[in-house]
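Below are two complexes that have subunit A in common, paired first with subunit B and then with subunit C.
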Partner chain A sequence: MANNINIEVSPVSRVEGHGDLVINVRDKKVEELIFRIPEPPRFFEAMLVGKKCYEPSHITSRICGICSVAHTCASIKATEKALDIKPSEQTINLRKLVYHHENVQSNALHVYFLAAPDFFGVGSVIPLIKTHPEVVNIALRIKKMANDMVRIIGGRAVHPLRIVIGGFTMLPSEEEMLEMRRILKACYPDLEKSLEVLKTIKIPDFERETEYISISNEYEYALYEGNIKSTDGWEIIDQDYSDKIKEKVVKHSTSKHCRASRDSYMVGALARFNNNYEKLTENAKEYAEELGLKAPCFNPYMNNIAQFVEIIHSVDDSIRLIDRILADGLDEDKMMADIKTGGGRGVGVVEAPRGLLIHDYIYDGKGRVEKANLIIPTGMNYANMENDMKSLVPKIIDKSEDEIRLACEMLVRAYDPCISCSTHFLNVKLINR
Partner chain B sequence: MGKPKIGVFGFTGCGGCQLEILNLEDQLPDLVNAVEIVNFTEAVTEHSDNYEIALVEGSITTRHGIERIKKIRDIAKIVVAIGSCAVTGGLNCLSNRYGLEKAKELVYGKKKGWIDSIVVKAVDEYIKVDYYARGCPPNRFEIVDIIRSLIIGREPEIPDYPVCVECKRNGNTCLYEFGITCLGPVIRAGCNSRCPNSGVGCDGCRGLIDNPNVNAQKDLLGKYGLTVEDILSRFNFYNSCKNDNGKKKNDNSGGLQ
Partner chain C sequence: MMLFKDTNISDNDRYMKTDVTIIGFGNKYRSDDGIGIRVVEELKKLDSFKEIEIIDGGTSGTDLLFLAKECKKIIIIDAIDTGKDTGQVVCIKTSDIEEFIKEDHKSLSLHDLNLCDILKIIRELKIDTEILIIGVKPENTDFGEGLSPGVEEKIPGIISRIKKEIS
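Then we have the complex of A and B:
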């Protein structure tokens, strides 16, 4: 291994969007390490200006195909708060149910399709179709289950239709809900087999303690609503987010960087796990224990495992939610709240699969958006990814360039970055000086 | 064409079209057997510049994007634009309407000079596109049908009739009866009227049919006391780019005005 290396991975694959990784090492010291985001921006905050209250959720859904339910929900929550629209309890329960399944779909896509190939030493899921057909079939079944759930409640899997301000444009039928309950119940053997496979893979051994931020509430493992909470000991209500979270434009990235108590923080499944472990179902806690995941966990590579544990939790909790919704009875009268137009500020904060997501809108007096601010989870993670790699690279500096490059790429992938969201893809090239 | 080599390429968009390919759960293993995927950065590390079919997602919004799309055209025998952003410029065009320089300043402030964005355009404003899988997101079964057709050497069947045809066939009550504005009468079918099926008016994500019956749409608006203005905001969600960039500078209505 030379004392000087210059790694440039361009683009990093198996992440959503376009990002390049640049690492310069001189005399075995990291001189420069940046995660460059050349993804073209789309100016959503500008697109929203002047739009009527029912339009922002359809527009911001298009920020991301993978987490379109999260953007839709953050958007409608912001609008509902600004215009004092009060959705029914049935609506909230259905939103929480559909929300679980975007998280399952996204976590499954990441764990099985994007991250798993690294652990089997291949470049994609395609060779695994031949070598590990059982795992691939399990992955496809879990993904389909979650997508079907989103289809039944949201109308389609990508860019949901029926989830709108005030409630839903259409309800699922009782038969559809019962069928989904049956499919959810039937997926446990697949989850157990996945557990056995995950127990055999070796997660890189690396720790760096950082600040972990997620939403949190006292009655559930928070995904849809809660205060913003940090492992550094603070908790604030959602609309005060700017008291703690600061955004900054940096030159090498079209996505803004964020900081809170320290110079970087982590959001996503591991942050949620660290903040809200106690609220997981007992079953999910057992899976976590079997996989050696304990709160607090400071190994960012374990984010993959936290995502899998969340799948278990979401399946358990969706069965509970379906029973609850069916016991209350699906009622068309509660499908849609009264829509008022007017003015005011509203902040919608949710956990997207990749972490904390904030939509902040100000409406003028005529029900049109005057100003919008969007803070995206991947944008929050970039600075922390860079800090992780700055800590990781010196520890593995004596390994080969290929090994260093792979370790860094895997680290970036562990965060499951969604670069389209925060702006778009990760590229990495490795050149000897 | 035997077992074609396929590349999937993302430009400016949300990644949802590529996700719709991955969402072909039941058909994905068969698809992977029928073609050779040689480029798909969202899902595959290996990549090659040897492909026959290019599936292109996203609109072109940077100078670098123009170079990339031209290179793809030089290599591929067939280019398929997938999704509204690639086909019409899509929702991204809303930032053209706001004004690019103003948008840069609003989002990035004084540091807007660091941002290299140009006016949003559809893929076929730079290169020849052979086939279109329209929609936001595109209908994943239509993408499969286009690939299947190319393999067996027939023309893909893309509907040239309005969404209303599919909507009637699905037995829906017309959304205008509920006071909901819908672009179904002039927008190309092929989505199985998925928005009206869910009680949501058509936003026009598949673009206009070749000969839209504009007068019928106007009559409908008149019958329900609506104006062209009422639906333009909807129409412009996905369809403002070409009109804004193109010849008819003062007409953004897609012929509706």
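Then we have the complex of A and C:
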């Protein structure tokens, strides 16, 4: 038993992942808890200034290799709103289709490669290949399926080229759409096997109710478009995000913290699930039920399960979207909208795999960016991760050092932050035990 | 691991699409971390490489697994902390990979999984693709566009090395 603990998580050496975690516990109470991760978008905001309207989506897609479609779409939506560009319904449907598969790419990577090793009690995905080869092979097949989808529609599997303001530079062929449909249909056995595996894992028993924020709309499980909705009972149009979401500077971190109704909130798969459960496909709901995931869920560790349920939904809904696009007929006349290069302000809000993503641009009268503000989901989750750990650590204070470390690491990883890969290598030092 | 030696190979030969894939990794908005992307952009401009599969891999590392399964040989260009002089280029062949993994050199650009991790997975999955990694020790990986002069000047030599490798 320990009354006083000082946990220091050393910065890890990888470029994308200089994370720090400091927890000081005295007399079983958390005296100080600080969690720091870098926030690259600040550089990109400055870089966008002066760029022509065609450029921001290509530049911001490079912020993250895992969220490149999300940044592309948020950027495009902001520009289209600012310049009053109206993409066709065909364009919107194709964007929703490609969007599903970045979510699948990212969720599969996180669930199978980064989180699964925790649940199977192995250090990383490498030993998992020996202990659970079927899990790794399923993961590779699902990730490849999603990569193929993004490549067929976006032109390449990462940093898509064909998705531009106004529409697409090239459409997939009908044959390619049918091939996508066939690939999607073929992945269900792997999803069923995954379900059986996931049913055997034990998710840590920890709950802390917080505010859950995501986009939401009346007609679908929202990923690409919708109002911003909170489980605390408010809903606003995406352009008005700053009425509710406030960024604040905190002393201990170079990253801003975000708050809305409370002092922190959660975004990501679990927030989407809590807000939009009813819009999941019936099949996805059945998977959720089998895995004990019910809305509202206040266990952040269940974010991993929500991510898996979203994979099911995305596969189901992609088949629906393909059928609809094919029924309407792919029409090159609807491939690009008229582009105007005036001025104005536009906000693009989407759900990146990790949660709400906001691009807010002001264009001058000549179609050049005058000001840009990007709010990323990992940044929004900082404060909530801290609050979760403040609640968690006193509850597990009697456990061993290794167990405390693992619980904290798993909690951070459950949020799937952009440093999730690096946090597999946390060095935790306990003092005063 | 062998140190890079510049070779002078002309651009007169046309390379045919074979089972070779060339992939550059990195973030071109993080200074020298973008060396892999910059090299593939240069290769795409060359007529002699028009028939070769050249991929801008960005910062998505796991895609390497699929490529490894689908082709006989992969040439990877990436910023790698080799722990020696900045701008130094190293060529790591399949036979050197075990040593590379053991030394756990940090690939600076693969966002999701580290290059060493990806190579370990390839090994564990018994994928027998031939791999050549051309790694460049960066001078600066801060946010910003453009390469440091000491890294920029290595590009012609890296391209010559790739030509030699696929000829």
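What we mean here is this: the second predicted complex is superposed on the first by the 407 of 433 C-alpha atoms of A that agree within 3 Å, B and C clash if a C-alpha of one lies under 4 Å from a C-alpha of the other, contacts with A are read in each partner's own complex, and residues count from 1 in each chain.
The definition used in the following text is that a residue touches a chain if its C-beta (ideal position, glycine included) is under 8 Å from a C-beta of that chain, and two chains touch if they have at least 3 such contacts.
Worth saying up front: this structure is predicted, and the values here are computed from it rather than measured.
By the touch criterion defined above, A:43 lies against subunit B and subunit C together after alignment on the C-alpha atoms of chain A.
By the touch criterion defined above, A:158 reaches both subunit B and subunit C. Once the two structures are overlaid, the count of subunit A residues touched is higher for B than for its counterpart among subunit B and subunit C. By the touch criterion defined above, A:140 lies against subunit B and subunit C together after alignment on the C-alpha atoms of chain A.
With both structures placed on the common chain, the touch criterion links A:125 to subunit B and to subunit C.
By the touch criterion defined above, A:58 lies against subunit B but remains apart from subunit C after alignment on the C-alpha atoms of chain A.
Of the two partner chains, subunit B and subunit C are each touched by A:109.
When the two complexes are laid over each other on chain A, subunit A has residues 13-16, 40, 43, 47, 59, 62, 64-66, 68, 109, 113, 124-126, 129, 136, 140, 143-144, 147, 156-159, 418, 421 in contact with both subunit B and subunit C. Chain contact summary for the complex, subunit A toward subunit B: residues 11, 13-18, 38-43, 45-47, 49, 52, 55, 58-59, 62-66, 68, 109, 113-114, 117, 123-126, 129, 136, 140-141, 143-144, 147, 155-159, 161-162, 164, 169-170, 249, 251, 254, 418, 420-421, 424-425.
Chain contact summary for the complex, subunit C toward subunit A: residues 27-30, 33, 55-63, 65-66, 106, 108-109, 111-114, 117, 120-121, 124-125, 141, 143-145. Across the interface of their complex, subunit A is touched by residues 10-20, 22-23, 25-26, 28-29, 32, 37, 40-47, 61-62, 64-65, 90-92, 94-95, 98, 100, 102-104, 106-109, 111, 114-117, 136-137, 194-195, 197-200, 203, 233, 237 of subunit B. Contact residues on subunit A toward subunit C in their complex (touch as defined above): 13-16, 40, 43-44, 47, 59, 62, 64-66, 68, 109, 113, 124-126, 129-130, 136, 140, 143-144, 147, 156-159, 418, 421.
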